[in-house]
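Below are two complexes that have chain A in common, paired first with chain B and then with chain C.
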Partner chain A sequence: MFVYLAKRLLYTIPIVFSVALVCFMLVHLSPGDPLVSILPADASAQLEARLREQYGFDRPLPVQFWIWITNALGGDLGNSIANGRPVLSEVLNAVGNTLLLACAASILGFALGMFFGLVAGYFRDTWIDKLATSIAIAGVSVPHYWLGMVLVIIFSVQLNWLPAVGAGSGSWTWTWAHVQYLILPAVTMAVIPMGIVTRTVRALVGDILSNDFVDALRAKGLGERRVFAHVVKNAAPTAIAVMGLQLGYLLGGSILIETVFSWPGTGFLLNTAIFQRDLPLLQGTILVLALFFVFLNLAVDLLQAMIDPRIKRG
Partner chain B sequence: MKPIVSVRDLTVSFHGERAVHAVNGVSLDVMPGEVLGLLGESGSGKSVTLRALMRLLPKKRTRIGGSIEVAGQDVLAMRDDQLSNMRGKVVSMIFQEPALALDPVYTIGEQIAESVVRHEGKSMKEGKERALEMLERVRIPSAKRRLDAYPHEMSGGMRQRAMIALALACKPKILLADEPTTALDATVQIQILLLLRELQAEMDMSVIFVTHDLGVAVEICDRVAVMYAGEVAETGTLAQLVRDPRHPYAQGLLSSTVLGATRGEKLTTIPGAPPSLSTPPQACSFEPRCRFAVASCAAKRPPAVALGERRAARCIHAERTADEKIATLEAETA
Partner chain C sequence: MHFAFLPVEPLFKKRLTKLKGENKMHHKIKNARALLGGCCLLAMMTVQPGIAMAETVLRIGMTAADIPRTLGQPDQGFEGNRFTGLTMYDALTMWDLSSEDDASVVIPGLATEWSVNEDDTTTWTFTLREGVTFHDGSPFNADAVVWNVEKVMDEEALHYDASQVGVTASRMPTLTGATKIDDYTVELTTSQPDSFLPINLTNLFMASPAKWQEHFDAASGDDAAKASAAWDAFSRDASGTGPWVMDGFVPRERLELIRNEDYWNAERVPNVERLVLLPMPEANARTAALLSGQVDWIEAPAPDAVAQIESRGFTIYSNESPHVWPWQFSRIEGSPWNDLNVRKAANLCIDRDGMRDGLLAGLMAPATGSVEAGHPWRGDVTFEIGFDPDEGRRLMEESGFSADSRLAVKALTSASGSGQMQPLPMNEYIQQALADCYFDVQLEVLEWNTLFTNWRQGARDPGSLGAHSTNVTYATMDPFFALVRFLQSEMAPPVSNNWGYIDNPQFDELVARARETFDPAERDAALAELHAASVNEASFLYVAHDVSPRAMSAKVQNVIQPKSWFIDFSPITIEE
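Right after this comes the complex of A and B.
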């Protein structure tokens, strides 16, 4: 296990470096000048040149990359162009909020997906299966920004049960005052992973049930409940892998939902950075999100290796 | 003595997109302590018969007729809980491919212990102790270490030993073996057969052993039932069947193996292919491939002709030996 862990950790180094390079390139290759958004329209060429030098935009790209990456290693991602605050603290703040939302949505989506998937797979071709499968298809098909707005209309506007936007005032606490802000975005966000997990687990259960060992379990006298427990443990590693990837998507791809609900997370931050052409903020956010993905995959691999004994030796 | 397994006119058919009549009127008796071989080619209904004994066939698509009595109980009338009480305790099963028949994410020890816990109400710890005892009994080297091994960490022969340990953990009266040596290579095969024979004698079990390999059947069986197209073509002791087969299919099967063949001589084969089983048989199912067939063979199903105590063949020519039949055939064509 230790060797496996060390090996997987070493693999992440080149991956992280490539990710940093790619996200730097992407930002710089995309059109648009970051200074245009902060300079007044009638700014002199002299002022523009000074600012350009101050931010280092006049240097060759490899040099800029080198400075950025060495600073980043030291924990300095530069300052935001728009508001001058350090990018790192901005991003970390947003990461906390995103993590909270993504985890809440993941747990909800995974739990529901496992439940629907297991039930649908076990009672294949019955009305239970059809119901669960329909819910899953609806889950992956509904555009979630639309679903978010519909939920807001029903629960915030009509019923006035839950707040529509923001994350509450002050820092996060696990009290109703804050949790009520989490419910609608989390439910909206959970719908897609729920659908994907349901479909994966349903197919998985079908596969597992067609194995000889299920007959063997019945042949040794186990009741259906115990057989089901065996099926769940066999389905778990794959389901967790799928959920890990989904969590990655949720962390990076929540721009729409965070924007709809004005949830102060990385997606919301990214959205702001893009529209303000705030290059340091944009680079920093993308880098942190990419790192998230890498370490999440690592965590998923380790978790799988713990549950499924066949992986460790590979 | 009363038979411990008694099957009468068993029919099994599957109804999915198309119907398959897999077993068509099988009757079998197994005495306590007896090893019965079910011999036949793929699709002859031997595995289906075996699974029907434990009702391990998919409920929705399967229709079972006739009667099955195991240890004095009517298996077809059992409720689900009675059925699972019987499985593993009275009747156990070992499978063709041990790599697929063991749960990949539980250790061998856990899987054996689970059965003991289920049937004897013991704790997991006691179950593990029994598991260790069983692994030693099937002669798995360094059994203690293997207790915590996963199936994928063992070789094929070792896995089959573990599967046997699992099946015998609750000391069943009857062991159903579904081609347990087919997936193993020849040297391991003979070791497993010897082990089974030894455990069978020690525990005084009845065994129903499904195989398509006459050589394997010779090693382990007391009695043999040759199956063809979901029917028992012929039953008798192993010696009777090998020396004096009466059903033309059993005769063909024997002459197509190297047993008793002369070196340098070509083995004879049975021409044609087994019938489709989409409808239940109305005539002798072997008639299209039989060199001794006469008009009445195609007209109605031949009865099982009794040829002595617990010996029968489902053929109208059953009274005559193979040599006599060939002589008649040659006289007619001459």
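Right after this comes the complex of A and C.
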């Protein structure tokens, strides 16, 4: 296991480097000017040249990349061009908010997905299966930004039960004053993973139930509850892998959901950085999210190996 | 939190006065009851401040995705100046925002008067207002003015901040430095004679040197690191001289300001006690926040939400803004817009009233120039822009075009962007309108920042894709930004925004005259002549002025929406 872990950690180095390089090239090669947020289009050519030099954008791209990546290795992702604040603190604040939202959405989405998937798989081809499958299809088909707006219209504008936007004032606390802001974006965000997990688990359960060992268990006289426990255990590794990927997507932040709800997470941050051409912020956010994704996948792989000893690693 | 002790004290006095002369024991009992009651009342008021001592709060949903910079020179255009500039800071000169009907003009701010040196018109003397203090208690004086000029002009200064230079220096392109004459007199110098300087200075906000120094002293590292850390700290704990004081700041989430009770202009001490600013870039989210009562005021509601907002008892405020939504013509060799008849025809073939009432739900004002009648720079315009397609077609036929021989033009635009209103539907409306006047318009849609960057590159740049016009909106508060940068030949790319390479000796002569005329009335007369000449030449396709719509709850009262990008929050009251 140690060798496997070390190997996987080593693999992350070229992956993160490649992500950083691709991200750097994409943001620099796309049209637009990185100084657009601090330099109006009516600024003089001399002023533009002066600022370009002061921000280092007059240097060759490989030099800019080298400076950025070496600083990043030292934990310095630079300062945002638009607001001057350190990128690292900006990203970590946003990651905290996205983590909160993603975890809430994951708990909701995975719990419902597991429930609907198990029920549908167990009662295959019955009306229960059809209902659960319909819910799953609706979950993966409905555009979640549209669903978010509809929920806002119903629960904020019409019923006035929940706030429409934001994350509440001050630092997050687990009180109604803050939790009420979490409900609508979390429900909206949970819909897609719920649908995907439902469909995955349904297929898994159906497949496992058709295996010979299930008949053997029943022949040995095990009750349906015990059989069910074996089915769940056999479905778990694949289900966890899917949930891990989904959690990774959620942690990446949903630009659309966070924008619709003005939720100050990584999606909202990326959206702002893209429109402001704030290159340090854009690069820093993408790098941190890529790291998240890589380490999350690693954690999922380790978890799978722990649950299912048949999976040999290393 | 402000506690309403004042009404309680007279209540006790009245009660105790009434008791005089009554039975002594009875007095004691009643006194005890009164005191007990008073104590209970006070206790209730302390425990439930929301009920008895509610602070008056105005919550605003901005269109910005982040809180505009708070360290003195805001980013995010004029929305930044509106919310984090003019609230917490003052400039030497300010805009008069007290009228809905008159054009907003420059008035004294932290400078009480100013004059240009008659022998050397590149030198100005400004007399400063005495008795003004920053929010941290330090005095505002000539040293503070010099310090604030240095922060964006002097690269050797310890507090020089490159991030503030772009949004400042570009708005006062000729300012070169400041010198202290005495505690309340400063001399400002310009690179060339420039009568626009007092107008430009509305953009230079005065931050507190003492507060910055405090942050600098608390920082660690070398001087450059300390200076950078000091500006970062200043942005979270800012200090200006404005009518609002920073009280809470969460980046990207909220800025809270409380009223400055000691503001130097007693007439502008805010009525509302707390102002909460929330970034909400998505128009539907802003509308939902307003309708659900989460905010009291939103900027720029979507036009298709106006009817719903009004039907629910909210109020829409709007007024003609110093803004133009144009097509800026290419005048390079081979451009079809080099023909005056063609330029005039396009201006006559658009039903601007129809666009306003049908497409934009009333949220625009038809443009017949860069500024409209009543503005000091309007001038004697002889080419009357209106909807006259017959005359438009006649002009086109005079230039050899007809239904069988149509003129193909290519127009750059964007799908969105700051100040762009509804660029795609508006351009499609124009495309249809011009089709009736023998034009075949091909729209070339660019991403907003690409279009904006191309504005400085000009019509000859390959990035313009051979287009004959571009569609970037502009503000007209300042003569340089309203007229000079587009009309003066030396402002052609890469110097500034004369995208189409207009080269008209008459315009150049009028620009020079306006810049070197220092009497404000005569300067305005010269600008009026320049503006009239540009409209008579149909220099742009003038389409619309934004009306800066904002929607608010009925409890927000005393709102004066001037003809400006800015608004004064001081007179506003909240009626529960």
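Basically, the second predicted complex is superposed on the first by the 308 of 314 C-alpha atoms of A that agree within 3 Å, B and C clash if a C-alpha of one lies under 4 Å from a C-alpha of the other, contacts with A are read in each partner's own complex, and residues count from 1 in each chain.
FYI, a residue touches a chain if its C-beta (ideal position, glycine included) is under 8 Å from a C-beta of that chain, and two chains touch if they have at least 3 such contacts.
Not measured: the values here are computed from a predicted model.
By the touch criterion defined above, A:85 reaches chain C but does not reach chain B. If you count the residues of chain A touched by chain B and by chain C, you find the higher number for C.
By the touch criterion defined above, A:217 reaches chain B but does not reach chain C. Taken together, the chain B residues at the contact with chain A in this complex read 51, 54, 56, 80-81, 84-89, 92-93, 95-97, 100-106, 114-115, 118-119, 150, 152-153, 163, 166-167, 170. Residues 61, 65-66, 69, 71, 75, 77, 161-163, 165-167, 169-171, 173, 228, 231-232, 235, 250-254, 278-282, 284-286, 288-289, 291-294, 447-450, 452-453, 455-456, 463, 472, 480-481, 485, 494-497 of chain C are the ones touching chain A in the complex.
For chain A in complex with chain C, the residues that touch the partner chain are 31-33, 35-45, 47-48, 50-51, 54-55, 79, 81-86, 90, 93-94, 149, 152-153, 156-157, 160, 163-167, 169-170, 259-262, 264, 268-269, 271-272, 275-277.
Residues 211-213, 215-224, 226, 230, 233-234, 237, 307-310, 313 of chain A are the ones that touch chain B when the two sit in their complex.
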